[in-house]
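The same chain A turns up in both complexes below, where it pairs with chain B and then with chain C.
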Partner chain A sequence: MPVFKTPFSGYAVRFSPFYEGRLLVATSQNFGILGNGRLHVLDLLPSAGAAGISEVAAFDTADGVYDCCWSESHDSLAVSAVADGSLKLWDASLPPSANPVRSFREHSREAHSVDWNPVRRDSFLSASWDDSLKLWTLDRPASLRTFREHSYCVYSVVWSPRHADVFASASGDRTVRVWDVREPVSTLVIPAHDHEILSCDWNKYDECCLATASVDKTIRVWDIRATRAPLANLAGHGYAVRRIRFSPHRESVLLSCSYDMTVCMWDYRAEDALIARYDHHTEFAVGIDMSVLVEGLIASTGWDEFVYVWQHGTDPRA
Partner chain B sequence: MEKAIDRQRVLLQHLRPSPSSSPNGSPLISASVCAAGDSAAYQRNSCFGDDVVVVAAYRTAICKSKRGGFKDTYPEELLTAVLKALLDKTNLNPNDVGDIVVGTVLAPGAQRATECRMAAFYAGFPETVPVRTVNRQCSSGLQAVADVAASIKAGFYNIGIGAGLESMTTNSMSWDGSINPKVNVFQQAQNCLLPMGITSENVAHRYGVTRQEQDQAAVNSHRKAAAATAAGKFKEEIIPVTTKVVDPKTGEEKQVTISVDDGIRPETSISSLSKLKPVFKKDGSTTAGNSSQVSDGAGAVLLMRRDVAMRKGFPILGVFRSFAAVGVDPAVMGVGPAVAIPAAVKSAGLQIEDIDLFEINEAFASQFVYCCKKLELDAAKVNVNGGAIALGHPLGATGARSVSTLLNEMKRRGKDCRFGVISMCIGTGMGAAAVFERGDATDGLTNARRMQSHNLLSKDAIS
Partner chain C sequence: MGSNSPPPGNLPPKPWERAGTTSGPAPFKPPSSGSTSDVVEASGTAKPGEIVPTADRNVTANSTTLARPVPPRPWQNYGTSYGGYGSNMYNSGYGSGIGGMYGGSGMYGGSMYNSGLGGPMGGYGMGMGGPYGNQDPNNPYGPPSSPPGFWMSFLRVMQGVVNFFGRISILIDQNTQAFHMFMTALLQLFDRSGMLYGELARFVLRILGIRTKTRKQQQLGPGELPAPAGQQYLEGPKAPSGAWDSVWGNDVKGSD
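For the complex of A and B:
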């Protein structure tokens, strides 16, 4: 299956919601510690085997790119979270010289996560190490709102796939918070782990189901109506779990990647929850995504500077 | 730069949760486990070229003190011979050497340090290359090699020589001055003064090593050493030394070239050994036949950073992987290797089963047999070319001698022989061990293997 070598360490990968084979990859030089960043737009070439990825565009930034996401409203727009705290909007149909289209600079520290509203499709959220979250629209130069309740780095923010105004955030302060944009403060706080929480994601079929991933090496699945105990506790990663994504196709399946360099697929309702473990990365695996348009198509990237795209059940390196 | 440090701090927290974020006070991941390489068979070092490699290791023949080939040779001549061999055989530019560290035990410290400095000049080193000595008793030679490796890792210099020198003809074991009466109320200090033979008897008694086992170990040592000599295995490592011997009867001086260990007695048998009387204790089991020999000799090991060796085109004989020195009860000092070997192997990120070859110094057959039994070592992997009972144990030189013997044997055995260990017990109750890896076996940076099947269990569940 296709493999792509990036010059910098991979940080995030996202499938386009518009084109089957299009990918966005965020990378940072020197493991994101110091140096530049680059955002790649990649296309899978059908039936071209292992070399079947071509680069459509690449955009350089003056600091590492930690996360990225596609616009849900326009097929060529994407937004990235940059380590200097800025959020940059890119148009893949324009040459690098015309990019970035916008730069939003309010966060005082590293921006670590971005997510585009998939329901109303008019806004996006950002999460930063300055402990805050911000809501943005393209027609305004400044953020609409700042959400300031977390007491340490916010690592992840993700919109609810059902409700246009609801989102969740995961933080190093060991809590996950659920917010409603219409409310002045967060509507729910879950002290989900005893260690930093690095990622969270909503179930795509159950609006009350949320998963969290932590430095304690576990993934927990929660029902937000009853948060005293998790629905499931998935152990098996050897180090901190860096990112998780629920499957867009199967309700109880989720994908995770970890500092233990593996990518794992889980079915949290099954007795043996771990469905598959992929150990193709040789450095920290930090970016994963599952295609909405092609069932079972998985992409991953990591600090080993490789982007892998493969069909679940096959060998990413084959 | 501050920002980079800050980012590292945040990311490090993901790998090493701080105690404050762990309510029960015990972090789930500890950094030391990481440092040991997670039991993986390779370190990150090889691909970065900043690990320490052995380029060459030579020794003189080991000769019986007072009666052997070096009985009329000045000690520094032995060191001169091996230092000069390093330069001649590798074409090393002597100006590039950052330090020469010599392990040496019995000689008075300042005099020996001076002799070593002079030896460097005799060997052709310029005045700009410094020399020092190190004394950790019987492991001094290995300690010298470890000190050089540590200094290279610390960045003090890129190329260094670890050596060992002992002339037990010139310097014998003795005590200067009176003994502080305080030792009488301090058992452990008192035990430091025990003759080594008594500690051997203690080991045999405390751990039940029989006279029969000890004599058998001695026979094996002589047999293997004789076979290795007959097969010419030591030819690669021994540097012939041209010197003089004086005939004790006629006083006649003769020029000779010494290139063979002269302590080996191929005809040694259980029946001949069993006739010997215990030396240290009336009903004891330690005899002259199952103890190491008193000898003269020297060895030298050339170490450098891997990238320097590659740039200069030197062959890589071995990789210095880890070193450990430990303390044990002085009354049974011989058990040192049984403690030191696991420590060194662990810090190399390996397990005892991963080790393909051992050089364990046979100070006494009692402690050698005990250590092999305790660690459950495969006899076919230990001292395959004999040990100190046959070859001799020139205290300060033994460590450096073992490096050349071990690495040359690993070279002969080919790629199946990847990791080797050198260890010895140390008088006054210590042990030292080092792990070496063959030079051409280092894993390149490879991607993970194809996943053949899922067993539907997590890694945690399997282990």
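For the complex of A and C:
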């Protein structure tokens, strides 16, 4: 299956919601500790088999890029979270000299996560290490709102895929918070883990179901109406779980990647929850995504500077 | 700029939008209609362009159920002493001006491999843009940060020199010690091998039937009276001259 070598360490990968084979990859030099970053726009070549990835565009930044996401309203727009705290809007159809088309600078520390609203499609959220989340729309020059309740770095923010006003954030203060953009404070706080929470994601088919991934090596699935105990506790990663994502096609399936260099697929309702384990990365696996348009198509990237795209069930290196 | 006028998205419907929700009612208000900007501004919660200062972050945290203490951050441990350093040197290209932003010799604190005893994963990406980190030809924002001043670079050079000589002296000390131990061991080896040779020689001579009579005297106990000619022992342990000569051969010279 296709493999792409990036010059820098991979941090995030996203499938385009518009084109089947289009990918966005965020990378940072020197493992993101120091140096430049680059945002790649990649295309899968349908008949080329292995090494069938071509680069459509690449955009350089002065600092590492920690996360990226496609716009849901325009097929060539993408937004990235940069290590200097800025959020940059890119147009993949324009040459690098015309990019970024917009740069939003309000976060005072590194921006670590962005997510575009998939329901209303006109706004996006950013999470930063300055403990705050910000809501942005393209028709305003500044952020629309700032959400400040976390008492430690916010590592991840995800819009609810079924509700236009609701989103969740995961933070290093060991809580996950659920927010409504119309409410002045968060609507729900879940002290989900005993260690820092690095990622969270909504179930695409159940608007009350939320999964969290933590430094304590576990993934927990929560029902936000009953947060006393998790619905499921998925153990199996050897180190902290960096990112999780629910499958867009199957309700109880989720994908995770971890600092133990593996990418795992889980079915949290099954007795034996671990469906598959992919150990193709030779360094920390940091970014994963599952295609909305092609069922079972998975992409992953990591600090070994490779981007793998493969069909679930096949060997990514084959 | 294509961002201001996005064309109507021909976005394919999401797989989950075709399916109904499977669980009970959600505890949310029904979604409002209209654009996000209008919805937020209608709710009265909009506060455009708010900059979060890093100083008062703990004040605003109205943690509702956060009972446990928050682990210390790397820059809280280290950053304060570097505050002025960081703010006037590194931040010119960033315009944020937060003291101690990049101060953090504990950048790697809490190694990623340990199972995470609160070691912040996030600590890894800190500190981008060192003194020269901003000189990227593709950087569209701001001039590169100014190089460090004379005293800063001079003191850095001095630190390097002192470190260098410190390391050299430690190495010399260790080498001396190792040589000393080597020599001690060598001398001891010679000493012991000589004694082994003597013992073996005595044994061989005994087998050959050559008697070394002096041994008998040397085996006297402390309280035992010496042999008739043993008044030399009254003088103490000082051996007479030539006492050793009789060890090897049968040239009877000392006693008897």
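Rule of thumb we're sticking to: the second predicted complex is superposed on the first by the 318 of 318 C-alpha atoms of A that agree within 3 Å, B and C clash if a C-alpha of one lies under 4 Å from a C-alpha of the other, contacts with A are read in each partner's own complex, and residues count from 1 in each chain.
As a convention for this text, contacts are C-beta pairs under 8 Å (C-beta built on N, C-alpha and C of every residue); 3 or more make two chains touch, one makes a residue touch a chain.
Everything numeric in this text was worked out from a predicted model, so none of it was measured.
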Problem set entry | Simultaneous placement of chain C and chain B on chain A, clash or fit | clash
Exercise. Residues of chain A touched: more by chain B or chain C?
Worked result: C
Exercise. Between chain B (first) and chain C (second), which does A:279 come into contact with in this model arrangement: first, second, both, or neither?
Worked result: first
Exercise. Touch check for A:229: first (chain B), second (chain C), both, or neither?
Worked result: neither
For this session: Could you look at A:174 and tell me whether it touches chain B, chain C, both or neither (first, second, both, neither)?
Result: both
Exercise. Looking at the overlay, does A:239 come into contact with chain B only (first), chain C only (second), both, or neither?
Worked result: both
For this session: Give one of first, second, both or neither to describe whether A:132 is in contact with chain B, with chain C, with both, or with none.
Result: second
For this session: Would you sort A:110 into first (chain B), second (chain C), both or neither based on which partner it touches?
Result: both
Problem set entry | Partner chain(s) touched by A:151 [first = chain B, second = chain C, both, neither] | second
Exercise. Where does A:93 make contact in the superposed view: on chain B (first), on chain C (second), on both, or on neither?
Worked result: second
Seminar exercise, completed: Both partners, chain B and chain C, contact chain A at residues 31-34, 83, 110, 129, 153, 172, 174, 194-196, 198, 215-217, 239-240, 242, 259
Seminar exercise, completed: chain B contacts chain A in the complex at 1, 3-4, 7-8, 10-11, 13-15, 17, 21-23, 28-29, 445-451, 454, 456-461
Exercise. What part of chain A is in contact with chain B in the complex they form?
Worked result: 31-34, 83, 110, 129, 153, 172, 174, 194-196, 198, 215-217, 235-236, 238-240, 242, 259, 261, 272, 274-282, 304, 315, 317-318
Problem set entry | Contact set on chain A toward chain C in their complex | 17-18, 28, 31-36, 60-64, 66, 71-77, 83-85, 89, 91, 93-94, 96, 100-103, 105-110, 112, 117-123, 129-132, 135, 137-146, 148-153, 155, 161-166, 172-175, 180-189, 191, 194-196, 198, 204-209, 215-217, 223-225, 239-240, 242, 248-249, 251, 259, 284, 292-293, 295
Exercise. Once bound in the complex, which stretches of chain C touch chain A?
Worked result: 1-4, 6-7, 9-12, 14-16, 19, 21-24, 26-29, 31-32, 35-37, 39-54, 57-58, 60-68, 70-71, 73, 93-96, 98, 101, 107, 112-113, 115-116, 118-122, 124-130, 133-134, 136, 138-141
